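In this document, chain identifiers A, B, C and D correspond to the written order of the chains, with residue numbering beginning at 1 in each.
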């Protein structure tokens, strides 16, 4: 049974006011189109979780979607600050819960594995654990030492972008894997966006490349260029110019709002967004070709 | 330093590169650390291995990477793994020799603050936070910090411990059970600070043309000078040529 | 710097009397040739760890290499008992330490991750945990419940078979992954055997397929057909006839000894072993072709 | 049963297959459970998904797999993952509907022994041990056991708890905190045992031509009969034809 649906429909069906949302992707495969659709649909009171909030959450915070942020690094990668998030945190308008990367990812690992907690090694830097009550300690029964642990993170909804999937949601990803798989397994519901929907024979020709199985996926949305200004390995490049531009235009709430008006509220969907970017940008972001070689699985 | 045939960034990159050893496995960020690693690979450390917290091992970037997850890091890399795996199998298991760290504040004992200026709950300035640095500082065999030398960046005590240096000094770090040796050098535009046996950062080397007083003026505690304090060798023509012509021809970071 | 060496040399350099050995592979990629070389070199007093000891450990136990077995399932997969191991356990000649699969693999996960222990969920079946003091409990700080934990397993030496690697030991595996990666990261030393040594450009053309990085590998040995009577996906089939034959011939110590005399002690290496199997067996085990499709990583 | 147009194995496979539902995700072993799953897929459960503890998801074996790691399970499968992941992400996370279990002993409360006959430290018979069954029994939504009905296989109490049924009955299982519902049916060549509300296995269905006394004689405790004890529908011609012609033409398991 096909799970293919439009992105607006998938957001309507699976994302609710007050949800804990994990829109995944470590610099790679960030599902910007889904974030924009959440903004367009006016969802509020969301708890936004991501190791690296990136521009997608800066925009969602600017649009007033978020009540709380769970994160481990709030920077514009390679550029500087996330101004809207930073302003919201400094002014006390946004609740937050903060981890190191390994703490954040360990929470997802526990959530994805159905385990009660994950242990971590001592870091020597105790300030964060003292400020965040989710960090707890147990006594290592083997050494007698205190071990810091974090509890499972089980988002209501994960949004995952992938290079390709079949209609059932069996998804293949290459390039940086980030926390995509853990976010999918940890979450109660999963929306998958993909550059290409392929026949299941393509997936089955290389089962080791399947990162997320259809059984945990609720909706499959065909959204080419979903990740722009982030990128999809082998499909298009990261639009670093936009990351620099956002740094400037998001310095004021007005600047961010003007962007949202023009590029989110003013457009119906990702196809219109991509069109509006224009052919020069399209050309600038072309990925070029560098192919892997086929491997033989054998016919048995 | 205006008369010198190199700028502050170049000076820092070159001195950081010289700290790397051949065959080092380096957890590397973008910008200056990335340039330092690439420079080392093209000079004395051809077998250096670069790994990125995004889960890329053995990157051979065809262009200057502009973010820690730049696609050029993946194409042609040796291996790619998940974020959980890079922090557990690689970093915590002890497979990382060198980590590069940065932050808004570095204190007398090499502790780093990249979290907040002011009070945590009501921050004056909210900074990016730990990212990978809490665990890199704890678990890489040795860490290096590259930063401009300014008094506000070098307070006696950090406002917030984002990642551990030698904490309050002495055996404070060791007692926490962390695996790594902690910050082994802070490379600045004025010189190189290194921990003494108590973990206090002292001036271990000074760049050509810089005087101790200038370093002290830009440091927030009474800076000691190592007994055998050196003067660094100026960047060589070859080092500068590789940097300017091969590694960062558009002068993005230098 | 190339790590390529012969298998006998690798065993001589990296495996010592008394070592804790993890010769990895879940039904797939079992490094039989390495086990045979260990037998030939007369290593003793080994602690043999494997989730599924399989025929390779049955043979090593029969040859007197082992002092102790760490395992989670001692069967001849799809056939029945491992007679030599079973006899040694029943007669008290072999020490043992036993887990469930998840307990065993959790020990490797802790060892590979440098973590002090791994938590597990309650199983309701307490008998094994009561018999094995490595199973301990901590109190979950979030729920107050008891949580079973297992300590890291950090073998002295892992032996891993892979389809291919470069001279530095960057290894790619497809098909069943088992515990290969965890065993490599958990162990102090790693011997890698491969069907093919390839240029690093082949590895670098598909970095997501690299399971084991050269940095944890000590020796790379080119050993075609290393896994027979187990198999290598895409290279040759599992020799089920031999699994059935071993069931019969290993019923007595003499039967096993005769096999070892003829197929291990009586042969210098794996090339001679493969030759001795004969062309009919070679044909029977051919893998056929079923190729994956190339994916584009992009040229950036 | 010699006069019947099917043998004991076929009878068990067919009755096990009928317990599976369309869209079930099944943790499946080789042999009889594999045949039952494939039969269900070809009859009433075309969307059944087979996963294997070797880390294979959505297998479509082109031939009868002869071991749990047969390469034919991988070629054409939907996904392959590591052993740690199959037990954590799939089984423990709650993504497995059905687990098949087996063992040398199954007791009155559905507990299974696959470890030892006799004393654990000095076993009379050393059996294979848990493998995946300790966690499958605990974490799959429901479990099925397929086994010949013999008195030695059905003692009142197992010598060793390899995997948990309903333990001592009542709420004993629930109190341990396991996620799964436990054994929902034991399919034998004589009938089908199912747990009553206290977790005790009672005769829920009897195969055509079998009488209660025969079942009792082969059971190590005083067997209760469910109030609504059924007689199973005999294997249909279609079921037998698929089994014999498509699934196991060489009669390896049937």
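The rule is short, and it goes like this: a residue touches a chain if its C-beta (ideal position, glycine included) is under 8 Å from a C-beta of that chain, and two chains touch if they have at least 3 such contacts.
Quick caveat, the model's predicted, so the values are computed rather than measured.
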Practice task
Please identify each chain that touches chain A as well as chain D.
Solution key: C
Practice task
Would you mind telling me which chain pair, B-C or A-B, is linked by more contacting C-beta pairs?
Solution key: A-B
Problem - Where chain A and chain C are represented by their mean Cα positions, the distance between them in whole Å - result: 37
Problem - Geometric centre distance via CA averages, chain C-chain B, whole Å - result: 40
Handout entry: Whole-Å gap between the CA centroids of chain A and chain B
Key = 28
Problem - CA centroid of chain B to CA centroid of chain D, Å - result: 58
Completion exercise
Two or more other chains are touched by the chain A residues 114-115, 121, 145, 174-175, 177, 181, 205, 208, 233, 237, 287, 290, 297-300
Problem - Shared-contact residues (touching 2 or more other chains) in chain D - result: 56, 70-71, 74-76, 80, 88, 92, 139, 179
Exercise for the section: Make each chain a node and each touching pair an edge, then name the shape: line, ring, star, complete, other. Expected result: other
Problem - Chains grouped in pairs wherever the two touch, ordered by label - result: A-B, A-C, A-D, B-C, C-D
Exercise for the section: Show which residues of chain D lie in contact with chain A when the two form their complex. Expected result: 25, 47, 49, 56-58, 60, 62-63, 70-72, 74-80, 88-89, 92-95, 139, 179
Problem - In the complex, chain A residues that touch chain C - result: 114-121, 136-143, 145, 147, 149, 151, 163, 172, 174-175, 177, 202, 205-206, 208-209, 233-235, 237, 287-300
Fill in the blank from the handout: Within the complex, chain A is touched by chain B residues 30-31, 53-56, 66-71, 73-76, 80-84, 87-88, 91-92, 111, 115, 120-126, 128-135, 137-139, 160-164, 167, 173, 176-179
Handout entry: List of chain C residues in touch with chain D within their complex
Key = 26-28, 51-52, 71-75, 77-78, 81, 86, 89-90, 92, 98-103, 105-106, 108-109, 121-128, 131, 145, 174-182, 231, 233, 237-238, 240, 243, 287, 290
Completion exercise
Within their complex, chain C touches chain B through residues 1, 112-115, 170, 181, 185, 200, 203-205, 207-208, 210, 213-216, 297-300
